[in-house]
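Please see the structure below; I have some questions.
So that you can tell them apart, the chains are marked A, B, C and D in the order they are listed, and the count of residues begins at 1 in each.
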Amino acid sequence: MADREAAKSVLRTQKIELPSWAFGNSGTRFKVFAQRGVPRDPFEKIADAARVHAHTGVAPTVALHIPWDQVDDFQVLGRAAKDAGITLGTVNANVFQDDDYMLGSVTNPNPAIRRKALDHLLACVDVMDQTGSRDLKLWFSDGTNYPGQDNIRARQDRLAEALDAVYRRLGDDQRLILEYKLFEPAFYTMDVPDWGTAFAHCLQLGDRAKVCVDTGHHAPGTNIEFIVAFLLRAGKLGAFDFNSRFYADDDLIVGAADPFQLFRILFEVVTAGALAEDSDIAFMLDQCHNIEPKIPGQIRSVTNVQEATAKALLVDTDALAVAQAAGDVLGANAVLMDAYNTDVRPLLAELREEQGLDPDPMGAYARSGYAERIVAERVGGTQAGWGA
Amino acid sequence: MADREAAKSVLRTQKIELPSWAFGNSGTRFKVFAQRGVPRDPFEKIADAARVHAHTGVAPTVALHIPWDQVDDFQVLGRAAKDAGITLGTVNANVFQDDDYMLGSVTNPNPAIRRKALDHLLACVDVMDQTGSRDLKLWFSDGTNYPGQDNIRARQDRLAEALDAVYRRLGDDQRLILEYKLFEPAFYTMDVPDWGTAFAHCLQLGDRAKVCVDTGHHAPGTNIEFIVAFLLRAGKLGAFDFNSRFYADDDLIVGAADPFQLFRILFEVVTAGALAEDSDIAFMLDQCHNIEPKIPGQIRSVTNVQEATAKALLVDTDALAVAQAAGDVLGANAVLMDAYNTDVRPLLAELREEQGLDPDPMGAYARSGYAERIVAERVGGTQAGWGA
Amino acid sequence: MADREAAKSVLRTQKIELPSWAFGNSGTRFKVFAQRGVPRDPFEKIADAARVHAHTGVAPTVALHIPWDQVDDFQVLGRAAKDAGITLGTVNANVFQDDDYMLGSVTNPNPAIRRKALDHLLACVDVMDQTGSRDLKLWFSDGTNYPGQDNIRARQDRLAEALDAVYRRLGDDQRLILEYKLFEPAFYTMDVPDWGTAFAHCLQLGDRAKVCVDTGHHAPGTNIEFIVAFLLRAGKLGAFDFNSRFYADDDLIVGAADPFQLFRILFEVVTAGALAEDSDIAFMLDQCHNIEPKIPGQIRSVTNVQEATAKALLVDTDALAVAQAAGDVLGANAVLMDAYNTDVRPLLAELREEQGLDPDPMGAYARSGYAERIVAERVGGTQAGWGA
Amino acid sequence: MADREAAKSVLRTQKIELPSWAFGNSGTRFKVFAQRGVPRDPFEKIADAARVHAHTGVAPTVALHIPWDQVDDFQVLGRAAKDAGITLGTVNANVFQDDDYMLGSVTNPNPAIRRKALDHLLACVDVMDQTGSRDLKLWFSDGTNYPGQDNIRARQDRLAEALDAVYRRLGDDQRLILEYKLFEPAFYTMDVPDWGTAFAHCLQLGDRAKVCVDTGHHAPGTNIEFIVAFLLRAGKLGAFDFNSRFYADDDLIVGAADPFQLFRILFEVVTAGALAEDSDIAFMLDQCHNIEPKIPGQIRSVTNVQEATAKALLVDTDALAVAQAAGDVLGANAVLMDAYNTDVRPLLAELREEQGLDPDPMGAYARSGYAERIVAERVGGTQAGWGA
């Protein structure tokens, strides 16, 4: 078993970014169930995100989604975040919720709509300049529903053109993070359906273009940790969007559906040194809390990532390497499973106490009265949501 | 090749039921794109459905969805349908869009919510009594998102209890049609996830309980025509919800994603004699036209089903039986493919002309001016949609 | 957390049946890699199985596969097993490895081949009479590769006829266990592709016909624990064939691919009381050890099932029921996860010591010298395998 | 509708390569059913391949598999092919059927085994020098079955090293074609699981390294025509391995499972100009005829590809472009479907007659007496197979 203290020293520096939209209402195409106490504006979202950080100590940044989090003055928003103990993180563009985008945004056959979409992307870089964000995360809902609907190759050309324009607009310390997704909302082709497509475009763009792996965006049977290992080897992994799934892009709490998979992913991250303090991999959550309360849902997500990370750090990599080199199939697997089967909750409780935190973040939040307070206070106004 | 005239005589009696909701707006969880000319009330939906029937001649009924199609007086709605040349068909219950149903309707752990859901189902039978509908179609969005969230077995008990209460309320000429679905909106368990579950409950209920096969509700790789053949053999197939999919429950135009599969399904239907005039199988569409115009989307769907049916009717079943009995794998397959590879559009054009219809329903609709008229007239009010 | 001692008392009575074929060579269609020390006959397989039981204490029976394990006198084989400390268990029929079965066995279009297959199944009951086996497990590779190749419905009729003949031949204490499988070796239809099909046939046959759930035989995304819970509720679960998979029917060591799924399955078993001493559920392994050594592969499989069972037994069902009734989604999930996240290896080590066993079965086997001995002794002859 | 004569002029130059192994016995891991008349050596395989070409006119080359087709003198084999009217084509390496390769070939943790595998690959280039083959097709069964079994990243390093050594050995007119596959025979990781991995390695190697798309090697739901379009746009598509599947790598006759998909794939090929006479895309079959006769199975495969190609050539690309540009979803889809729904068998019959061939290749073969002759003559010896 690897060194507990060494594991703790890495865990102490781990950072997980929260998505502002996880605090608003979300749902399926069938129904968005409203919850009481949900934020009505970006400031209330930031307050909730800060609360997650207060209890976990490892969630110091919050990602924004434009226009869901559009405010008049991002410096004010940034100060609000700072006052609450966190900072603004990745900027997520949104070119999928205007009626103009019915047939695509940057890949739309209509050049005027492409221009409109590109302008939004560029405006997001303006926001980054104000917020000091490093990363622009791009997810395109673009695609087609029917064979023949549009020209697959022409859409790639249009995509490449838009990406290039955005990339050239970025500052030297800014990055373009390209997300891929197998399907939904398009049901025949997606314009960036898989890691290979995102990777090829990022290669074309340059060093500051990287791929985002959303753990829910793959075909059944896909080995996600292989993709992670491959992208890390190629220097092209930029970010994670963590969540979990049983079927499609279910957006459940990360680690809820397949905790062993999350462990295997984080083991590849650890193996590649990508948890080091100078690593530039962004570890984000991207989830929906459709039926569970949102702040506890985020806390649980954070602790699930922590637990998987702790287990990954406990793998006895020397013993593993020996068994692997010897072709000892069961022995090598046993080394990995030994770490996975370890109960790391005591180690994390200890870590939190050393950091002056309550060892039980879920319990501490429940006892804090915050949930009751926001239900009481957040009355009137319009609850934040996805805007669909 | 089988007899063209025999095929036409069956095609002449084919009936495909349209869903009222296909004429309203629909979309994904990310966005519902509004279209111009969309109906604002059930009467306008019925007008649109009648239009599809006028051009195709095989869509004489329209299914209702309660409460989306709730009106004060269903007799008035029925007369409007009759005046437009169609009749009201299956009644679809909806127990998934009230905030109370967040954790389930008839399987909810809370008995008061179960009662509320059951009351709605019983009220739907009241509607059937008024509309003269034969079938009550039940789809339950009930399920859970997280392991442990609820007791799988207890939910089955609750489901059985509700189904039993509804079944006992039905009149002698009314049927309960139970739909199953692999996932969405629940992401860990669905309470009726597969045909086996629906079949077992229907067996328990009695002869007037039957299974609905929605062609988009299966796991990847599922052989749907096998299920169809099995349910027909067991006398338990009640209805189809036709649509098509590449990935999940994409709800695309039937026949758009895998026309060969649609042909194979209809071949099992034909083989079992389930297209006979006295057959009690309901052939319904259940689709979303998120990005394509809705009335043409329905016309295309109807003609796709007709084309697949025509091909299925053209299979030389004598030659097929001979090849099958001889274990002639390629020969038997060739007999089937010979029919599939036939271009049946001329046969269907001929049939339409014999029935006094335009041989080209899509073209006739385009030339009719109806599309322009509804765009011009349906201004103001609230467009119909899924109510999500 | 539930009572450790109560958990141990159930674990003490747990029984896991080993498959004789797991000790022979196996592989994929591309290659069977031979391993040294592999048994050359059923007696050597039984010796290996007994060895697994000696180290684990919970694998007291071994399943036979006819004709792979055909011997002149099964009483002699039974005595050999008894002398080694185990007994003979389930009899598995094999109607898929004769050239006659290319197009099916009991569902073959040729009645003479159907008769031959049925005769083999009846002969398997003769074997059961000699071995004292309770269960006849039937897996049919029957199906078709091409649409049209054979008549789906006629094949069901033939299947029903054969099952009926076998069922009527059984003694009062014997059972028919029907296995289902999505695909492979047939690639268009399987004649028993899913639990619904197996369930419907077993219902038709009678009380002593039950379904076998092989954990590797489902479509992607299938919720296996739902099926387990459903069959247990219906009194129709007869047996498990445990193994694990990432893609198709990979036949890896149970618990190796998704340990959380195995835990969820066993939790449904525990919840339904199906681990009670008087339970008639057969818990079997059915795996291939293509690249790992076979005896350790079986030991690991047994301990994986034990660990998942121990966790399932530790679920605080009272707290779970309270959270479920309250609709506390995260709370209920947390109760389940609390047990899953527990490291049960110390508990199992303790249990083994109480039973006079080495607490570390893998280590004890490695130290025993048995592996080296069989490599040295089993020279010459023909290694056992699948006979493909 | 596009010009029939233009379509025919392209069809006249189409070339489809046959795999020598399709004429030998094949099966699943459960059973290889032997067929009468199967070749006993590479010369008999070539005779059978030539027979397919004689009847179809579009299959003038046959791919070899080393060592399955190893002969003392490939010049003799080449002359035999030439005498039979065909030529030798792609050379396929085989580093998966030696006991040494149990844990991998070029990615094996053992350097001696890696060296052995590389030597085989280099020897295959020697064969190419003798046969005059342009392409070396590499499929690696390499991968792992269990998490932790080996280091994912280290295996990529080893793979890259081996590929580089092979690439450097190639002559200026020779190419390396890298195939990918999701799973089987490895069940946890494959070392080249997807197109992205193959693409990245080929980019690294250089211009003469290209990707092979095997239509059966993808995860469920993968849009293969997207990959084809993407690779064509990037200039990195080297070859197809055609076959079809309902579930996994079923290796059924191409076009048998989803003829619409095959059409869509070929439409992307046509659109990109990759059917032009100077195109360097290799169109190969790679199939198993487990239960159907092999020569007719190959003839049917060839005609299925021809039919899909003919339909793809008939798409009215001008009308399509207009509809796509206008965002006319249903109109654009209709243009594509119009070609798909056309019965192109008369056109192909006409083409064959113009080429002096029988318009019905399957019938002509059946009438030729060849099947009966090989059954009578090929008695004794060992039938060719996969060597598993």
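One rule holds for everything that comes next: a residue touches a chain if its C-beta (ideal position, glycine included) is under 8 Å from a C-beta of that chain, and two chains touch if they have at least 3 such contacts.
Here the structure is a predicted model, which means the values were calculated and not measured.
Because subunit C and subunit D carry the same sequence, their contact can be compared by residue number, and over half of the numbers here are used by both. Rotation relating subunit A to subunit C, from a C-alpha superposition: 180°, rounded in steps of 5.
Subunit B and subunit D have Cα centroids separated by 40 Å.
Averaged Cα coordinates give subunit A a centre that lies 38 Å from the centre of subunit B.
Looking at subunit B, residues 103, 145-147, 182-183, 188, 220-221, 223, 246-247, 256, 260, 291-292, 329-330, 333-334 sit in touch with two or more other chains. Those residues of subunit A lying in contact with subunit B across their complex are 26-34, 96-97, 99, 101-103, 141, 145-147, 182-185, 187-188, 220, 245-248, 250, 252-253, 256-257, 290-292, 386, 388.
Against subunit D, the residues of subunit A that register as touching in their complex are 103, 109-110, 145-153, 156-157, 182-183, 188-189, 193-197, 199-200, 203, 218-223, 225-227, 229-230, 232-234, 260, 264, 268, 271-272, 320-321, 324-327, 329-330, 332-337. Here subunit A touches subunit C in the complex through residues 220-221, 223, 246-247, 256, 258-260, 291-293, 296-297, 300, 307, 329-330, 333-334, 340-343, 345, 362, going by the rule given at the top.
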